Structure formats: structure tokens, C-alpha cells
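Note sheet for the following structure.
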Amino acid sequence: MTFTPRIGVYVCHCGINIAATVDVGAVTQWAAGLPGVVVSRDYTYMCSDPGQALIQNDIRELGLNRVVVASCSPRMHEPTFRAAVSAVDLNPYCFEMANIREQCSWVHPAAETTTQKAMHLVGSAVAKAALLQPLEQRQAPTTPAALVIGGGIAGMQAALDIADAGFEVTLVERTSSLGGHVGLLHRTFPTLEPTADLLGAIVERATHHERLRVLTEAEVTAVGGFVGNFDVDIRHGHEEEKVKVGAIIVASGFDVFDARRRPELGYGVYPEVITTPEFEQLSQSEVKINGREPKNVVFIQCVGSRDQALGHPYCSRVCCMVTAKQARLVRERLPNARVTVFYMDVRAFGKGFEEFYDATRQAGVLYRRGNPSELIRRGDRVVVRAEDTLLGEPVEVEADLVILAVGMAPRADTDALAGLLKLARSSDGFFMEAHPKLRPVDTAMAGIFLAGACQGPKDITETIAQARAAAATAMIPLMRGEVTVEAATSVVDEELCAGCGQCASICTFGALTLHPTKGVMVSNAVLCQGCGACATACPSGAINVRHFTFDQVMAQINVVSDFRAPVFSAAPAEAEVASPS
Amino acid sequence: MKTTIPVEDGDVLAAIRAFLGRLLESGALEAIYVPLEAAGGAAVPALVTDPARMAQANPLAPVMPINGARAVSALTGKKAPGRVGAVLRSCEIRALIELVKLQQATLEGLTMIGLDCPGTFEVPRYMERQGQAGGGLGDYLAAAREGRDPGSDGLTLRTACQMCLHPAADQAAIRFELFGLDPTQGIPVDIPDALAEQLGYSAASADGARQAVLEKVLAAHRAKRDGALAAVRAQMNANGGLPSLFNACIRCHNCMTACPICYCKTCLFRSASFDHKPDHYLSAAQRKGALRMLSDALLFQLTRMNHMSASCVGCGMCTSTCPSEIPVGMIFSAVGEQVQAAFGYEPGRSLEDPLPLVTFQANEWTEVGEAK
Amino acid sequence: MLQIEAHPITLQYDLFDCIQCGKCTGGCPMAMKTRLNPRSIILRLLTAGDGFDLEGREELWDCTTCSTCSSRCPKKVNPMETIIGLRGAFVEKGRVHPNVKTALESTFRQGNPLTMPRDQRGAWAKDLGLKEYAEGTEFLYYVGCTPSYDPRAQKVARSLVTLLQKAGIDFGVLGNQENCCGSEVRRLGEQGLFEMMAEENTETYKGLGVKKMLTTSPHCFNVYRNDYPKNGMAVQHYTQVLAGLVEEKRLEFSGKLEKTITYHDPCYLGKHNGIFDEPREVLAAIPGATLVEMDRSRQKSLCCEGGGGRMWLEGTNPSVRLAQMRVKEALEAGAQVLATACPFCLLTLDEAVKHLNAEDRLQVLDIAELAAQAL
Amino acid sequence: MSDNGNFEPRIVAFLCNWCTYTGADLAGTSRLQYPPNVRIIRTMCSSAVDPVYVLKPLMEGADGVLIGGCHPGDCHYQTGNYKTRRRYVALHEILKASGLDERRVWLRWISASEGQKFASTIGEMVAAMRELGPNPTRENWAV
Amino acid sequence: MNEQPTHGSNGRGPAALVIGGGIAGIQASLDIAEAGFRVHLVERSPSIGGRMSQLDKTFPTLDCSSCILTPKMVDAGRHPNIDLYTYSEVVQVTGEAGDFHARIRVKPRYIDPEKCHGCGLCAEACRLAGRISSDFNAGMGKRAAVYVPFPQAVPLVYTVDPEACVYLTRGVCGKTFKCKDACTAGAIDFDQKEVFVDVDAATIINATGFDVFDPNLRPELGYGVYPHVITSLEFERLASASGPTAGKITLDGTLPKKLVFIQCVGSRDRSLNLPYCSRVCCMAVAKQAHLAHDRIPGAEITVFYIDIRAFGKGFEEFYDRVRHEGVLYRRGNPSEVLRRGDRLVVRAEDTLLGEPVEVEADLVVLAVGIRPRADAQSVAEMLGLALDENGFFQEAHPKVGIVESNRPGVLLAGCCQGPKDIPDTVAHAKAAASAALIQMAQTQKVMATAHAAN
């Protein structure tokens, strides 16, 4: 091929994030000498408008046909720069990034070796860039329908929003009724509104919405396809059915921490010891323990939360306010009862929470700082033994009702569901969002979104907010009516392919088949997810994944395997080193 | 069924030729792949359709110019064009089965005709041997009967054959048995019942001492093999190790060309990916101060191991064709043995065993990938 | 054994509002030198259950009622009042320091805590020809106990009179009829006596038709303003009055005062009542005077340890005296004059200066005195 | 081999885009320091790491090669890492059998949330390669 | 992002009006625009980005704020479905859900946005260069009278500050306009007048954000008196690579060795009628303590707190990590800050020791709380919205109606409704987008039928 690369290299200071540890100037100058490079520049913030303009001008002025930016992780800014280059009609796939921040300047000291590493990474990117090929992104139509897994408050809210927006929604609930954990609550904080009031309305709407199909006692058994066009198998009672949807929202909820895992608290041993969910039930009838009204009630917070020893290092976010609410209820129902709350930190962070906490104390609830160590039986009562860390003294509090504020845990079946949907999980075991800040409801799987406590502990308000957020994000492909098909997929070289079919046997997505007559393999770009396992399986190098081809990777290897301190070859005449900053 | 082919005045070869001829005449097969004796005494693998040509056929010639699996792959492709037969040795059959798994050949419409194989000589040895007294067929068959090495001082079998653990062509449909038997009295053949009836053979068992002799042969080969592999492993692990073993390699790719498993249309190392620009060589040379030309010799061998060692049947054709007399086959057998052991895989045993690298289990090698 | 019921107290003083943040104790000037820990007291009351034993809690008498704790509490709890309440329990049981007993008795009998005869109260002003307050007089000048009897404090009252006369203010005094305001009685926990006095005094002022009152002491000013039942009487501290006069140019200083002055905010003027600027305005108006600020000024002013009945109590740790720390701070600030506007501060600081032998370097003067000098 | 303690090992790492590469990014955003002896090449999945990619650097004199993938069960492509695991086992046998030190090739499962694990893995590998000493192919031009 | 589908012929379908260009407004706008509807995004300041653009790192992942925000800003600035009105204000809204009419006042930048490339020559030339304190840098950096708030501003167009510009304030600026002379693009235009743009919208999202507490209201803490008492926002700018000290945590060149962070300044404070928890300070302080530990070798860092509210995903783990790094957490709400010699002294009670303590400090950082915007009242009146008892915008229902307001069709996003951290803000904004999309989908149906009718 007569193509000669004209590569522009752009090295970012990222303020001082890179410049403080990497000699950006040296990298820029070194890059200028690399084969194919016609211009090499550095700038404070390549991602800023002027930074992007710099690149765009060079593409126009110097006729660049390949661009390399050395800055942060491609996971951060690749889309930004791809958009920038395509804005001036350079194919976005003719762009390559060198990750000299996350994987270089941020993890190494300011030293020659760090700069050398940066040079290698840039060289590697340049070598790959020289071999990059323009690719076309295709659009595929989407099925204007959604699947919601889980019939709790999150699932229902998400389903309703999508249905209200005019799309068919299938809601799959494992149990026989809608409502999830919220259905078990008596009243909500901080308004003390009866749960039934708010939940009832939602369940009512969900069950009667014209575009919302509720399947109870149902579960998803298989998920195929991809964003915009998922094929879902659902086992519904005894029959199996298949639905096609464009987006999937996971709202599978959480499990309650099993207080037996803290045996020193006597749950399951002393009838006087119950959990917060159990109190929700109790508080709906007359509050009696062992047939009599409790006179001394003690709440213990952080049972199964903030507990590294039990693998629950995280805060369950709701217990503080659940406790405050229940303590208030006890004061209302049993005006003569003494109510004590043992806490480590009171986390009243939500709207109206601190005020509610104030009101709870004003109602006569005694808050004592300390994490009770054990419960023991003394006569017909139990004794809570703790240190009041503010008195600095060990204390014993007699109680005839002890309520353990149990935390939220990932559902036991999270694994199974994760496998089914190919979802990643955070270290705390909950489903992992695509980005904790800016993509809190997306997952790594395009078209699959998270709602509610399956992503991490949340109260009702946050759950609903997040459910609606998931709904909005899921609606985007549905409303657009199309999704962009991955361009970096596998491609078969018919000249080289011997049709051995090893690729087909290894492909998870059934993207490869034997051509009926040619005796070579054929790849289906829509099914192909671009993992590249096929390319590895092919001994003759007949299959390549676009944008990650054998030649491109080998070119990178050739650069990075050469650990000699980078040699400065005199920059070719037309190459230009420039530093506007 | 087991039957016996009658042999007239001890001419075993004639009997076999006649038998092959009848397979064609009877229309049981349309063509048969078998070596024909050609001018100069060479035995040339050929596809025979004319029964008359069977006069030159010599399946008993102790030589294997090519691994027949390649030939069969060529003439069956993804489906045999007609009713084809192929006279093959065990190593050829096992290679063929691997190729079938790799969709480079098919057993559909193919009749495999196998012989007990006492071993083969390198082509030059075979030619020499032709002239010599006692180098004839009789001695070869006798060696088979007694289970001894048909080679003699100076004229040794191919090393691969000396250490062959599969001398019997178990997977063949039609199987000529030689070990522990005296074929001059009639050649015991294992043959499908239908075909036997068509050709008018009736059951007749003459097993004799075959099993015992086979054991003896295997024992001898195993001993030989262990010694040889131990030796080559010693070399591979010695200072310089594998690289020095391949220092003599001229990257002629003969090993790959002769290998029955290397089925690629164009080897990766002959593709554009390794057709480097001049500046590539220069910069590569600058790294270590010198660059081997042609480059990537060791990488080529290692990659080939990685591609085919799981399926290597140890036919030794690579060694036979190596102009630098590198013990390629020995090396690949040594490596292949370990790879195959790791996956509990025996190449060529059965079509049922999946190729180890295109399958997996979720709960295997769970220790792999975790820090020790 | 001095058992009290804790629960009613927790309710009376909204102690459940407390989140134990410690802002009270952190700022408490006494916590630095004694066991006094307002936060801890509140928690102990909250966790006491039924009975709470005050035995041995002498530190409750260390409190100067400076109100640092109460003025800073983010949850609007009032530790100072709680402590005063607890003092009440001691008083009820008669378990108080003899000095306190004397002060209280003296107030009850003589109308002043200083054990001075009632009929000598007006003596300080004999030669000033002040008029008795009568209906229609603009201001009732409430002199207060200390300025009436204490020779040092009397100078303040005299100076103030001069200024008021110079400015032509129409004011009158009650002379021997003047009765203690009860401020200290209340701080000492004798709520009963205080309420009785408050009633009497209110009656008296009603009878005289007093509309506007000015006081020498911030303590009196505060008690009238905040502790007395509402009575339609406008109370001002004299510094407010002077500041007003200065602003209206009714009071002008012809004299000069080439001095570096720093001002010590009295707790009952500043923290209690947010009066920070008026005293400074008066000082600023004095020709030649250079005002410097100590680091701890305004809301952060360090208590002189004279409030809350501490004029009669040494406290549990007399070895460290806040007044002396204060004087050192004034010296660090480079002041020649330590100005204040409270008789208690005046006396404690004066004593501290003497104790530190700093008379030649630092003068403690009341703003009224300074102003009068500048006339 | 402590006499090799002072040499700087050269490591090439192939990291899967979804887990280990992201984990490496996390190590960066968390500012977890690790030795600069590693050069990272991003692949979409560990199963895309052709053994040639591993062998080539070893031939060029790299002292170690790291393959990083998602934990078993977490593969973004469902089963890619299971395939990787088999390829790795095969490659290990080849390296072992052929006397090329298999201890120079590591496979590690490092998730997107394991920045710390990534950093420490590099640390461990650098130390281990120091112990092994320089890859002989560094000097051997005739490979 | 090329060739976006847009509902309705060339985008004349239903549109959304988003007020406020912080992360909430940006996120809501992007979601709506991506779904194919037109968005009018109105930002009062010269650039979108809002508070988040002032932050250095974000907790608990520590990824740099501008790194994750900048792409979103650029996307919003570039999006074909988003009409960006910066340096503009919505001054009037009439109509009802599905059919709002809004008037936007575009303030004069005195710079022609078409001509300006944001090269900055004017700012260099300006007589007041380096003399106007920069709001973006929380008053710590200095800029010229013509400026962009920060380098990654979107749009990257300069603005003449009418309060500062010598010409605009005094009517004359020397013999010749230095800025005009400097500008090669001829973009400077002092005759520019404010213009009004009328837009229609099916729905309105109010994302006007928040103010921070003014610590002068807690005089005992010495803010404004002691230069080395700063707010958490000022600390962010100090720690930021793009800040006035390029990331060096210093006010006078020397690195502080002893740092004290004070939490709940202007939060949980009923005496100042700020009874609520500001939700973000605990983690912001944990993050800043980590940064200080990270940037100042051997620094002694103390955090005074009342309760540690590490409630979010990964928060508690981060709090654990910061303590593990050696940051000392002491439970107590400092009562006052004093000067002692050249050092500051923080006086507090360590409530767990039960003793008053004095902690020396070279730098005291006040974790100032989140407050309603000063102009919340007037915005509320303009939009006909209610405010809650704390002055934040009142949601329709605390649980099921958190993005709806009392006025149908007008939605709330982000901190204007109450304190939120970034993930919660983004989620809230997306929730608002969802409600908006529903409204717009329905409006579109109506439009379509109406269109079919005639």
C-alpha cells in the first residue's frame, strides 16, 4: 500500500499532573524523531478547547492522517479526542492515546526513568498509529422496549418512567408480589409517612399501566444480544417465554445482614433481641416482648456495617435514620419507656435528617457513643455492655427490648445474576457502576443499567432518584431509535484462512461461521464483541480484531521491548517541535 | 471381522497388491492412496484408480517420504469426492485424525487401510538398503515377526520410528497385522464385515504371538524414547538451552512444510506480518548489536510449538527434512509430551477428544492467576 | 451525698438537644484550669437516670457565667444556665461556701452583696449634687453596688456623672433607695431571692415611672435587659449612651490623651449582649489615643474571672488567674492602658496588674474614666 | 542470584481493557507508587494475548511478561479469561520443556477495583525478576 | 457525537430549558440532548462547569475533578442538540407544562464570541492584568479585567468584567484600549449591548446550585482575621494543579507542617439557622487531609469532627484509608482559634479524652457547609417555585417526588434542592432528565397529533 503516515504527536502537561514527574519537553522532542511523525507538540491541557483546536489546526494545516495524544488514560479522554479529530474529518480510529498519567506520571517519582517510560509509551502509540486503519461506526436499530429485573421500589419506579415515556416495559419479579423491602416497612423517615401511602400508589400504577407488563414469580434465565437488541429468556411460573428489549435495568435489591454473625449480641438466643426489620413488623401491632410492654429499649447501630472483620467495611447508609425513626416510634407508642441508642457516628446526612435526629433527641431518646461489646442475661432482662466513649467509662444498660440496626448486604444471588448479565462487582460485592461519579447507573455492558440497592446501600429517596436516573439513561437508546455498532470487531483474511474453525469453537458470541462455499470463516460484526480470542486461536493470523491487529500490537511490542534509554535521532526536516505553552 | 488373506509361494507383497487390486475391481473403492515403486527404486506416494497399477504398489516399503495425512487432507478436503481408500501408517492416521478435528480433512467416504509398522528408514538409507543383501522384504517381515529392530549397523531406522509408541494402526478400518506373525502363511487382516462379504472373505483367526511381540516392541521403543527425550531435554535445559539447539536453523521452514499438523495456507512467519521493512531490521540489530538473519528463527519454532505441539504425533518428518540435522522432531516430542500431559490429551486417539485449546472448564487450574 | 433528680433538669434545659460536640468545653476559660467540663456535666445528667450526686462537684462554682459555652453552642443548648441551675441545688440544701452565704444574706438584708450598710449607698455622690430620680427625668442612672461602695469603682461613677453632665443629659439617681439588681444572686443559684428582688425593684421603677435606665455595670445592664420580667423599661449600658452622645457631637473631647489603649470586652457587655462597637467608638473619639486590639477580642474576649459570683469565690484553682493572663496579653499587644467598661473587670484586672508589678507599664482604666480625662 | 539485585528488570504487561488496565488506572488515580520497570500494552481481553506477544519480548530480552485479566467469572466477554488460562498453561509447559524460564511469564487476575493489587503485583514481579537475573536472551542476538 | 438524531423536523420538536451549567445542568442537558431533544442550557457565569470545576480531586476515587468534568463540558459545548447560553440569565417564564415561554437575558461580554479564539492576548495586555481577584480561585488567584474563569472554560471566549474594567467603570482607559490593540481578531466590542432571547420549552429544569457558608458568621474561628485560616473551597484551589499555586499547598511559599481541619462550619448549626448537614464536608475533608498527607511530607494533620458521615459507596473505606495514612481524627467541635506567636492555636475539647486541648497549626481549614444560593428567593419567584424552611428549592415529595417542584413541568436538579455530593447530584440530574423526557415525549405526541390535524 502506498499509504505514508503523517503522524502528529501531542503531549499533555495536564497542569502539573504529568509535567511534574515527566520531562514533557524531552518526550515531545524525542517523539518528533519517530518514524512517520511530522509534528510533535506539548500543551498544558490537551483536552481543553485550545488543546483540541491545536490538533485540529495541524490536521488541516499539516495534513496529518494519524494523531497520537499522550496524556491521561484513554478510558478518560479517548472519546473527547476522537470527536475532536472527526470534527475535522479525520476518522476517529486514526487516533491513538498514550497513557502517561495514570500509568506513568502518577505512579512513579520525578526521574529520568519515568520520562523514559513515557517515551516508550508514546513510541508504542506512534508505532501503532502508523498502522491504524480508518473504521466506520454503523448504526443498528433498537427494540423500543425495556426489561426491568426486580419489582421493588427501584424496579417499579424505573419501569414506570420508561413506560410513561411511551415504551413497552417488562418487569420481572422473583417473588409473588411487588414492593420488595419497602413493602415491609411501617413508616418512612424523616416524614414518618406511612409507607403504605407512597408504596400503594406506585404498585397500583405499576400493575395497571397499559405499557407495563408485570411478571411475578418470574426470573430471567438467559440474556443474549447486545444494547438495543437483547434477547431475554424468562421463566414465568411454569412456562418459558422470550422477549426482545433494547435496554435492561437491574434492580435486584439487597439482602439484610444476618445478625447471627455477631453472636456476642445474642440475636436468636435472647427473645428480647430483634432486628430493625423485625421491629417494623412489631411496631405495626402492639409493641410487646415476652407478653409485656418493654420499659427499657436499647438500639444498637452498625450491626454488620463498618465491620471489616465480617467483610462489610462499608456504611449501610440507612440504619442511623431507621434507628432514629424507630426510636421516635417507641417514644410515641411507649411514652414511659427509656430509649437508648448506641452509635459510633450519627450519619444524618439527607434532607431533613439532621433535623429529624434533633427531634428524636428532643423526644427524649438518649444517644450514647459507643459500640456495644456484648449482651448478657441478667434475670428476666438482658444487659447491654458497652463503653460510653464520651464518659470514657464502661457502662451496663439493662433492657427488655434490644433492637439491632442490621446493615445491607449484597444479595446472595448477585453472583448468578452477574454471570448472566456479564456485570462486574465492586469490592464490597454490590454491582459495579461504570464510573462512580459521572456514570453511576451505567455498567460496563452497554444497554444494561443499575437501579437501587443492588449497586450499594441506599434509602428510599436515593433509590428512587437512582432508579429514575437509570430510566433516563436507558431511554436514550430507545428514544434515539438506534445504537452505534462497535467498529473494532473481528475480520477474516480469506487469503490466509484455512477454515480450521478453531476461532468458531472459541467464540462466545457465535460471531464466526464457516462460509458454505469458500471454505473460510466469516465474522458477524453485530454479534462480535471484539474480544480477540479468535485472533489468538488462529495460527495463521487470518483473523484480526480491527484496531487491535496483530501487526499493530507487534509494532508496539517492538518499541516497548527495547528498553535502551530512548535514542534521540535528529528530527526529520519537516518534523516540527513546538510548545505553545 | 478377522480374516486371513491367502499368500501364494510366500509372496506377501503380491498378496497385498492383489488385495488392493480387488478393492478397486470390486468397486468397493474408486481410488487408493498407496506408494508405488518407481524407476530408481524410490517409493512414491500415489493415488491409484487403475487396478493394473497395483502391480507397482508397495505398502511394505520401509520408507515414508511424506506423512500421508497431508496427502489425504489434499484429496478429501472437507469431504472426500468419492469412495477413497488410503494405506497409512499409524503416525499418518493419528495426524489425519488431528487434521480432521482441524477441519482440514474428513473421514467421510474415506477407508483407512493400515499396516503394523516395524518402522521406516530415512529416504537415503532406504535407497542404500535396496541394494544390499538381507535388506529385502523378507528380513523386514522377519523383524516384525520377532519384534526386533529391522535396522542394522549403519542402516538404522528413523529415530522417530525407533521410539514409536503406536506401531499398530488401531484406528484403521482395514488392518494388516505383521507383528509376531508369519505372513507367508497368510496375512491376518481386520476388515469390516460388509466389505469382507463383498470380497468373499470368511472369518479366520490367527492371532499367534502378536500381542506378546507388540508388547516387546513397545517396551524397546519406550526405553529408546525415554533415553532420547532425556538426552534432548538435557540439551534444552543446558546452558544456552533451546536457542543454541536452533542456532543451526536456517528458517527454511522445511519442518513446517513436512509437518502433517501445520496446515496453514501461509505460515504466519511467511505472511506480511513478518515481511519487515529494512529499517525494522536495522533498529532490531541496534538493540543487541547484531541481528540474526533470517530473523525470528527461535520465535518461529516456539510459535509452531505453541500452535501444534498439543497435536504433535511424533512422526518425525520434521527431523527427516531438516537440512541442518537439528533434532526438531525430538524437541517437539519432548515439548508435545508435556503439553499433552498437562491437558491429558493424546493426539490422534479419537475424534471424540476436543482440541485442548478450543475448550475450557470454569473450575480448572484455579491456582493459576493467583499470586503464589 | 447531694442527690438531685437529673431528669427534670435535662428537660428544663433541653439537654437532649446536645450532641456532645464539646464546643462549650473547648472554649470554656475555666476548663483550662479546673475540672469544669460543661459537656461532660450535660452527658452525666443525661445518663444519670434518676439520681445524680452533686457531692464533690465543687468545679460547678468555678463557672464565671461568661457564656462562651452558650454563645457558641450550635444546637442552642445553654450549659451556663444549666450550671446555674445546678448551683441552685447546692443553695437549696444550704451546702454553699460561707462567702456565698454572706453575700446572699447581705444582699437580702442590706440590698448589696458587699456587706455594706444600706444607708451608705448614696454616699459616694454626696458632693456631686445629683438629683433624685423623679417621674419625667429622662434617665434613671442605676449606679450598682460595686460602684456605689468600692472606692476604686466609685471613680468610674464619678467620671460618668461628669460626662453626663457635660453632655447635658437629664438624669437622676435613687441614692440610698437604690437596691441591688440581683444579678449575682441569680448567678449564685439563689433563684428564689432573685425573683423576689426582681419583683420589688420592678415595682419601684414602675412607681417612679422609669422609662429609660442606664447602668455602670454590664451585669446590672444584662440582668435588667434579659432576666427581669418585661417591664417596658429601656435599659442601656453607659457606653451605649456615650457612643450616642459622641456620634451626635453632644459630647466632644477637647483634651488630648497620647496613649496606646487596648479594650477588654466585658463578658456581660460583649458575649452576653453583643455590644462590641460602642465602647470602641467612644475610645476612638478620644484625641491622641491609639487603639490596639488584643488577639482575644470581641466574641473571643477572655473572661476576667469576676462574674458568676466569683467576686466572692476563689475557685478550685486560684493559682492560675485569667485576669493575669489578660494583663499579659494587653502588654503583648503593646498597650499602655487596658480599658474596660465593667466594675468587676476593673477590679480583677487592677489587682492582676499589681500582682504582676506592672503598674508602671499598664494602667487599668474604665472607659468612663478615660473619656472624662479627655474632656 | 542476589548479585543481580542491582539490575533493572524489564517487564512488558498485556492488560485487559476492562479489569486490569482499569485497575492500573486506579493505581494511578490513587497515586500508588510502583517501580517504573513495566511497559503496558492494552488489549481488549486477556484472551486476545497471542502467545507470540508473550514470546516476542522474551526473545528481545525482556525479563518478564505479565498478562492481566479479569478474575475468573468476571470476564467482560464472559469466558475470555478461561481461554487465556488454558493458553497460559500450554505456554508455560512449552517454556518449561524448552528450558526457557517459565517463571518469567506471569498471569494475574486483577480487577478494576484492585489498583493496590496491580501496584503490588508489579512490585513483586520486579523483585522476582531481580532474583532470576537478566534474561539470557538480552545478550543472545542469535534468537 | 456527529449526526445526532433530533426529534421533530430540524429540532423544532419539544425543547427543554435547563437553568444552571454546573454538573447537574450539564448532565441533565446531555441526557435530554442524547435522547434527541433540543436543550436550551442557560448559565449565568461566562463558562459552564460550576462548582465541580473548582475542585481538585473527587472523593473517594481521587480522580481529578476537571479530568472527569472537562469531557462533559466539551460534549455539552459541542452537542448539536444543545443551545448554550453562557453569561446569561433567565429573566421571565410564562406558560405551563408542555408550553413554557422563557426570556433569556444575554449579558454583554464586550467580546464577539464568533471572533474570539480565547488566545488571551487581551488579558495579558489589560492594564489590570493580575490585579483582579479571581472568583474561580476563591479569591486567591488574580486575573485581568478581561478574562476566562479557567483554562478549560466552555465556551473558551473571554469576557470583560464590567465591575473591574477601567473603561466600563470610568469611561476612559488611557489614550488607547490596550486590549483592543492586543486583540488580533478584533473581537473586542465595547458597544455590545445586552440582548434578550425568547425560547419555548416543554419543561424546565432548575439546576442553580448552591453557595458556601460565610465563615465570618463564626468569628471565634478567626476567618478573615488570620490569613492562615482558609475555607475548604480555598484549599481545593490551593491543591489544584490549575490553581493559583499550581497545586502547591501554601499561602506564603512555605509548606504548612501542621494542618487542622475543622468540620461542620456552618452545618448542623441551629444557632445560625443552618440546622441541616451539608453532606459532603466529611468526605471532602477526608480527601483534603489525604491530599495534604500526600503533598506535604511529614505533615501533622488533625481533623476535628462531631460525627464522621462516610455513608456513600467506598466512603467508609476511604475514611479508613485516610486514618491509616496517619491523619489524626479527634472528636470535638473546636471552640475558637487563637494566635500564639507565629502559629495558630485551635482550642477544642477532645470529647473522647474528655479534656480541653490546644492544637497548634500553620494552616486551619474550615469545612464550610452548603447554603442555598443568595438569589434563590428571586429565582423561586421568577419560576413560581416554593423554598423549604432552609431556603433550598422545595421538592414535591421527599421520597417519590424529589425532582418535581410545586409547579408542574418545572423540575429540580442537584444542590438547589439540597446538599448533594457529585454522584448524588448526577443521579438527581439524570432523574430530572427522566421526568423531563417523559414530559417531552408526551408533548411530542400532542404536537404530532396537532400537526396531523391541520
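For reference, chains read A, B, C, D and E in written order, and residue numbers begin at 1 within each chain.
As a convention for this text, a residue touches a chain if its C-beta (ideal position, glycine included) is under 8 Å from a C-beta of that chain, and two chains touch if they have at least 3 such contacts.
Keep in mind it's a predicted model, so treat the numbers as computed, not measured.
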Intersection of the contact lists for subunit A and subunit D: B, E
Find the chain most remote from subunit B, comparing centres computed as mean CA coordinates. C
Of A-C and A-E, the pair with more C-beta contacts is A-E
For subunit A and subunit E, what's the span in angstrom between their mean Cα positions? 25
Report the inter-centroid distance (CA atoms only) between subunit A and subunit B in whole Å. 55
Roughly how far is subunit C from subunit E, going centre to centre by Cα mean, in whole Å? 46
Could you please state the distance in Å, as a whole number, between where the Cα atoms of subunit B are centred and where those of subunit E are centred? 76
Two-or-more-chain contact residues of subunit A, please, as numbers and ranges. 76, 346, 358, 390-391, 426-427, 506, 537, 550, 554, 558, 562
If a residue has to touch 2 or more other chains to count, which residues of subunit B qualify? 268, 287, 357, 359
When you check subunit C against every other chain, which residues touch at least two of them? 19-20, 39-40, 75
Let me know each pair of chains that touch one another. A-B, A-C, A-D, A-E, B-D, C-E, D-E
Residues on subunit A engaged by subunit D in the complex (per definition of touch): 73-76, 99, 101-104, 106-109, 111, 113-114, 116-117, 120-121, 124, 415, 418-419, 422, 424-427, 432, 444-445, 488, 506, 508-509, 529-533, 535-537, 545, 548, 550, 553-554, 556-558, 560-563
Quick one: in the complex, what on subunit D touches subunit B? 51-52, 55-56, 59-61, 69, 71-73, 79, 81-83, 85-91, 93-94, 96-100, 107-109, 121, 124, 136-143
Residue numbers of subunit B touching subunit A in their complex, please. 77-78, 102-104, 263-268, 271-273, 279-280, 283-284, 287, 307-308, 354-355, 357-359
Can you name the residues of subunit D that touch subunit E in the complex? 26, 29-31
Residue ranges of subunit B in contact with subunit D within the complex: 233, 236-238, 240-243, 247, 268, 287-292, 296-299, 302-303, 305-306, 309-310, 331, 334-335, 337-339, 341-343, 356-357, 359-362, 364-366, 368-371
